[in-house]
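Common to both upcoming complexes is chain A, partnered first by chain B, then by chain C.
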Partner chain A sequence: MEQNTQQTVENEKKGLRKLFGKFHLETKELVLLWIFLGIFILMSIISPGRFLSVYNLQSMAYQFPEFGILALSMMVIIVTGGINLSITYSATLASILGAVVMVSMNKAGAPELASVLVGVFIIIVASLVTGAVNGLIVAHIGIVPMLATLGTMTLFEGISLNITKGGAISGFPNMFQWFGNSSIIGIPVPLFIFVLVIIATYFILQRSTFGAKVYMIGCNPTATRFSGINVKKTLFLLYVYSGLLTGLAGLVMASRYNSAKESYGYTYLLQSVSAAVLGGTDISGGFGKVFGTVISVLILQVISSGLNIFGVNRFITDVIMGMILILVLTINFINNKREEKALVTKKIVTA
Partner chain B sequence: MNRILTTIRKSKEMNILLVLIVISIIISIFNGSFLTMGNLLDVVKSNIVLAIMSMGMLLVLLTGGIDVSIASVISAVTVVVGQFMVHVSSNIVLVFIVGVLAGSLMGLINGLLIAKLKIPPIVATLGTMSIIFGVVLYLTNGTWITGIPQNFIDFGRVTIGKFNVAGSDQPTGIPIQFLFLVLAAALTWFILKYTVIGRGIYAIGGNKESAERIGINSDNLTLFVYVYEGFLIGLAGVVHTSIMRQVDPNAFIGFELQVIAAVVLGGASVLGGYGSVFGTLVGVSLFCVINNGLILMHIPVYWQKIVVGVVLITSISVDVIQKRMQEKKNVRVDIDENIQRFARTSVSKEVKTQA
Partner chain C sequence: MAQNMLLEMHHVSKTFPGVKALQDIQLEIQHGEIHALIGENGAGKSTLIKILSGVYQPDEGAEIFIDGELQKDITPLGSLKHGIAVIYQDFSLFPNLTVAENIAMVSRIGRKTKIINWKETHNIAKNALAKLELELPLGTTLSELSVAKQQLVAIARAFVNDVKLIVMDEPTSALSRGEVESLFSIIRNLKERGISILFISHKLDELFAISDRFTILRDGKYIGTFGEEELDDDRLISLMVGRRIEYKIFDKRTLNDPLFEVHNLNKAGNFKDISFTLNRGEILGITGLVGAGRSELAQAIFGLSPSDTGEILLDGEPLHIESPEQSVAHGISYIPENRLTEGLVLKKSMTDNICLTVLNKISNNRGLIGKEAQHELVDTWIHDLNIKPNLPNMIASKLSGGNQQRIVLSKWLATEPKILIVDEPTNGIDIGAKADIHQLLRDLSEQGMSIIVISSELPEILAIADRVLVMRRGRIAATLDGKNLTQEEIMKEAL
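So, the complex of A and B:
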C-alpha cells in the first residue's frame, strides 16, 4: 500500500520533471525562479511608485548585465571544479588596452567609427589572450586554478596599473557610449549583449559535446582523461571563453562609465562566486546550470536595488547578501540530509 | 616511501630559502641599505601582522580549506579593540583577552558553518566576509578610531635590547610585537609537530575519508582549526593596533589574498595535507623582501604587482613541474617492479607445470 502511494508520487514527480525538462529548468532553478518572482512582487507591493517605476526598471537593466556576464564567466570555470579570481582584472586590463588605442586614435583625428571598431577589436583580442594565459597555466602546467588565477590576477592588475599609473583613462569617441548607454527598440544594449552571452553559454555548456566534456571534467578529471577526452584542450578552451566573457563585461563597463580603470568592477569578483553558488553551481564542480546563475544574478540585483530604494544602508545590504548566501547553503545542507534519509528508508522498505 | 617524502619536503623548503637568499643578494648589490639592521627591522615590523595571520591560514590550508574572511575578521577585531580601549579600559592584558576572544568567536562561526553545516569553506567564508565587513563598516561608517590611550601606545613602543643603527641617532631594538610572532609560530609549530591535533590536521588534509576511517574526528578538528585561526587573527589585530596606534576599518581590504599568496609561496598546498611553519615563515619573508627590495631598487610602485604575480606563478609552476617529474620516476619504478614480479610468478608457474 505504502509502496503504491510512493510510486504514484514518484510518477507525478517524473511527469513534472518531463514537463519542465522541455524548458531545461530543473526543480532547483524553478525554486530560484519562484524566489525571484516572490521578491520582485514583494518589492513592488512595498514600494510600487518607486520600485516598479520605468526609471528604476531601466536603470536595473543597465546595471546588471556587466555583473551577469562576469558571473557567467566565473560559473563556467566553477563547473570544472576551479575558480577564476582574475575575471575583474582581466576585464579591466582588456578595456584599458582598448581604451589606450581608442583614445590615441581619437586624438590623432581618425574617424570615430574606425577608432571604436579598432578599440573593441583590441578589447576582445586582449581578453582572449588573458583567458589563454590562464588556460595555459591551469590546463598545461597544471597549477591549481585558485592559485594560478590569484597569480594572474595580481599580474593583470600590475600591468593595468603600469599603463594607467593609477588613474582612469577617458576621452573616448562619443560613438563608444553606444555599448553601455543606448538602447535598441527600448532594450538597453548591455542587456542585449547579456542575452546573447546567455544563449551562447547555454549552447556551449548544456547543448554541445564540448559542454558535456566540461561537466565530466568537473566530476572527475582523471576518469575523463582515461575515457579518451583531451582534458587539457577542453580546459584551455574554456578558460579562453571565460576570458572572452570578461572582455565583453569590460567593454560594457568602460562604455557605461565612459572611462577605463583597473579597479572597476572589483566588488563583482566575490559576488559572482555567490551568484554562481546561489544558482546551484557546485563549488567542487560537475553541476551547474546557466539559467540558475542568471536567475540568481537577477535576484541579487533586485534585492540590492530594492534595498537601495528603501534607503537601507549599503553596508547592511552587504550583510543581507552574505546572510542569503549562507542561508541558501544551509537549506541545501538540510535538504541533502533529508534526501539521504529518505534514500535510506526507501532502501529499507524495498528490502 | 617516508624517506622520499621527507627529502622532497626538505628540498621544497630549501628551494624557497635558496630563492630568498639569491633575491636578497641581488637586492643588496643594487642597494647597500637593504642589509642594514635598520631596514631589516622595518621590514620585520611592518610584516608581523601578515606573518601571524599566515600561521592561521597555514592550518586552514593544511585541512584543504581556505578562509577569505580573514581581512574582515581582523578589521572587526581592531575596531572592537579600539573601542574597548577608548571607552572601557586600556589594561593591556584585558585588551589582549578582548581581541583574542573577538577573533576566536568569529573563527568559531566560520568553523561551525564549515564543519557542522558542511558549507564549502570558500563559500562560507565569502558569506561571513560580506557580513562582517558590512557590520563593521555600518557601525563605524569607515571612520578612524584615534585617541588610543597612552599606556597602550607606550606598550607598542617597547623594544627588546638596545643597539645603535647606522644612519639614525637613536638606539633601536627588536620591537616587542616580534615576540608575539615568535609565540604564534612556536605554538603553531608545536601543535603541528607534537600533538595529536596536528597529526590529525595533516591526516584530514591528505585524505579526509581515510582519516575518518582511522578514527579522527574531522568535524571537531576543522572546528578547532578555524577557532585557532580566529585566535591568531585576534592576536594580530591587537598587535596591528599597537603598531599603527589608530584603527582604520578599511585598512585590510584585499589583505586575504596577500596572506594566501605568502603562505602558498612558502610551499603549502591549497589542496591540503602539505605545508610547514618553517616554509610559511620563509614564504612570508620572501614576499616581504620582494616588496621591500622593489622599493629600495627604486622600481616604480606599479611594477610591484607584476613582479609579485610573476614570482607567484613561476614558483608554483616550478614546484608542480618538479612534482610531476618525480611522479613519472615513481611510476617507472612501479612498472619495473611489476614486470619483475610478473616475470618471477610466470617463472614459478613454469616450474610448477614442469614439476
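So, the complex of A and C:
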C-alpha cells in the first residue's frame, strides 16, 4: 500500500519531469512561473495603458538584468550553504578599476575601441580577482562565508572609496554605452548579457560534474570530501565564478549610468538574497535552481515597476515586497515541516 | 539485604524503533560499593545509564528502587535530587565558563533563579571542593585546565547536591597512569564515606584494581552479577562475549600475493608503529575496542588525515597520499563507519549519491553529465546490489539502513577499486542484509579485490576475515590467522 502511494507520487513526478525535463523544472519553479504570469496579467489588466506600454516593458528590460546577474552570483554561493555579501562592492570595485584606466586612456587620446576593450578586460580580471580573494578566504583558510565576505565587502568598498574619493568616475568613451544602453535586434544588450549568464550558470550548476559537486557540498561537505571530491578547489572556483558575474553586473551598471561609483547597486545585495530564496534556493544549502532565481527576479521587478506606475509610495512598495517574501518563506517552511513529519511517521510505521 | 541496597533496578527493558536495546536488565548497587558495569560495545551500558539518569524512559514493567523506595518517571533533575550523578565521558561541562560556574551550574538550574549571584556561586563551588578535600582555581576558565582537572570539576559538581551514587562512564580513557592513580584514590576515599560508584570501563586491569562487584551485559541482556573473587580475566571475557547469532563462516584462505604494504605508520595521538601487508583477493579484518585507532588508521591510509611518518606501498611502488582524491585515483576506496554523516549525502537522491564518486565516468569531455550514462550506471548498481525500492530518484534518507549501505557500496564499487576499506560494514543493519553484505564482500574478494574490514563485531570478523589484525591503544597487538580463530582469542589481545 505504502509502496504503491510512493510509486504513484514518484510516477507523477516522473510525468512532470518528462514534461519539463529539458529545463529541469520542479514544482517549486512551476508555482513561481504561475505567480509571475498572474502578477504580470494582473498588472496588465489594472493598467494596460501604462504597464503594458512599450516604454515600460523596455525600461524594465534594461533594469532587471543587472539585478538578475547579481542575484545569480549570490544564488550560486547560497547553494553551497554560504552567502556572498561582497557582490555589489565587488561589482563596483571592478567597474571603478576599469573606469579609471578607460578614462585615462580616453583622455590620452587612445582609440575609443581600444580603451573600451582594455576597460572591459580590466573589469573582468578585477572581478575574477575579487572572487578569488573570497574563495581563498572561505575555501582555503576556512572562515565562515558570512564573515569572510563581510570583511571583503568592507575591503572592496574601502579600496573603491580610496580611488574615487567618494565621487563618481565618468568621462567614458561613447562606445562604452553599448553594454548598458543599446539593443541588438530590439533586445537590450543588458538583457542579452543576462540571458547568456543564465545559460552559462544553468550549464555549470545543473548540467556539469562541477555543479553536481557544488550541490553535494551544499548538503554535506563531509560526505562529499569522503567521496574523494576536492571540496576546497570546487568552492574556490565557484567563488571565482560568482566574482566574474559581479564583474558583468558592474560592467552593465557602469555603462548604463555612464559612470562608476562604489555605492551603485548596493540595494541589490539583500534583494539578491531575497530573489534566490524566493526562487526556492535553500538558505542552508544544497538545493536551488537557476530558473527559480530568474523567475523571482522577474517577479520582484514586475511588482516594483507596477507599483511604481500606480504611484504607490516607494516605502509602501518595500513593505509589500517584505510581506511577499515572508509569506513565501512561511509557506515553504510549513511545506517542508509537513514533508518531514510525513517521513517520521512513516518511519515509525515501517519499523 | 534489601535495606542495604542503594539502588535496585529490575525488569528494565528499552525498545527503540526496530531495536531492543535492553531486555529485562537488573542492577543492584549497595551503599559504599564500587560496582563495575561491563559489556562490549553496544551491549547496552550507555542506554542503562541514560535510564538511570532520566534521559530515557524505560519500557513498561521496569521497577527502580532508590533506598528501597519505588521510583516512577525518573527525570534528569529528579535523578539528581535522589543523589545520582552521572559523569559522562565528555564530562558535559561548559568549557567557556569558570570552574566555579561549572560546579554551581546544576544548583542554579535546579532552583530556577533568574539572577546569578556570583558570591553564592563561589561559595557553592568552594563547599563542594571542600567536601572532596580538593583545591582548584575557582576563577579559571575551564578550558585552561588539563583533562584530569576537568574531570575533578565534573566530580565536584556532583557534590553540590547530596550525592549517593556517582556513575562514571569511561573515566580513565583520557588520563595518564599517574592521573588514573590519583582518581582511584579519590574514588576509594568516596567509598569510605559511604558513597557508591558505578564504574564503566573497558580496561580490565583497572576494573579488577578497584571494583567490588561486576554486572555484565551482553547484547542488551543481563548476564549476571559477580563478586570480584568469582572472576578472572578469562572468565570475564567469555561472559562478555558469550555465544551469539551465527553468521555463515566462509572458509579461510592463505594468500601470499602482496598488493598493499604499510610500514611503520605513525600518527601522534592516534596510532603507532603500524605495519601490515594486504594480499590480492584477501579479506583482512581489523578489530579492537572503540578508540583503539582503527578508523584513524583507515582515514590516514585514505588521505583524510594523513599519517605523520611511515611508508605505504602499492604494488611495490611507494604511495604519497595526502587527500582522498589521490587515494581514489590509486584505486583505494574507503567506506566510513558513519553512513549517515560521512557515507551519504542524505538529502540527495540515490542517483546523486551513487554518481558522486564517478562523475568523470558519466560525463563528456566538456564536463557535462550525460543523463543516459547516469541512468545506466545507477540502474546497473540498483540491479547488481538489489537495492530496494528500485527508485533512483528516491532520497537516500528514506531508505532502510541496509539499502543505504548498499548505495554507499555501489558508489565505491563503481570506482572499480583495487583496495576496499570498509569501516563497520554492517553497523545498524538487520541480520538478513548483514549476510548479504558479507556474501558480497566475499564475492568481490574472489574476483581479486583486496578488502580491509574494520569491525567491532567479532562474529563478523570471524565469519569473513582471512586474517585478523587486533589493535590495542593505537598499536597492532597481534596478527591472527582467521582459521579456527575464536572470539576469546581476539578479546584477549584487544583488552
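One rule holds in what follows: the second predicted complex is superposed on the first by the 320 of 351 C-alpha atoms of A that agree within 3 Å, B and C clash if a C-alpha of one lies under 4 Å from a C-alpha of the other, contacts with A are read in each partner's own complex, and residues count from 1 in each chain.
Simple rule for what comes next: a residue touches a chain if its C-beta (ideal position, glycine included) is under 8 Å from a C-beta of that chain, and two chains touch if they have at least 3 such contacts.
Computed from a predicted structure; not experimentally measured.
Engineer: Given the touch rule stated above, what does A:209 touch, chain B (first), chain C (second), both, or neither?
Structural biologist: second
Engineer: Any idea whether chain B or chain C touches more of chain A?
Structural biologist: Chain A has more residues touched by B than by the other partner.
Engineer: Is A:315 in contact with chain B, with chain C, with both, or with neither (first, second, both, neither)?
Structural biologist: first
Engineer: Looking at A:141 after the superposition, I want to know if it touches chain B, chain C, both of them or none. Which is it: first, second, both, neither?
Structural biologist: First partner only, chain B.
Engineer: Mind listing the chain A positions that touch chain C in their complex?
Structural biologist: On the chain A side, the touching residues are 3, 6-7, 10, 13-14, 203, 207-210, 212-213, 215-216, 219-220, 222-230, 286-287, 343, 347-348, 350-351.
Engineer: Okay, in this complex, where on chain A does chain B touch?
Structural biologist: That would be residues 83, 85, 137, 141-144, 146-148, 150-159, 161-162, 165-166, 270, 273-274, 277, 283-284, 313, 315-323, 325-326, 329-330, 333 of chain A.
Engineer: Which residues of chain C touch chain A in the complex?
Structural biologist: Touching chain A: residues 17-18, 304, 323-325, 327-328, 334, 336, 341-348, 352, 355-357, 359-360, 362-363, 367-369, 389, 391, 393-394, 397-398, 400, 411, 415 of chain C.
Engineer: Give every residue of chain B touching chain A within the complex, in rising order.
Structural biologist: Where chain B meets chain A, its residues are 66, 68, 113, 117-120, 122-124, 126-131, 133-135, 137-138, 257, 260-261, 264, 269-271, 300-310, 312-313, 316-317, 320-321, 324.
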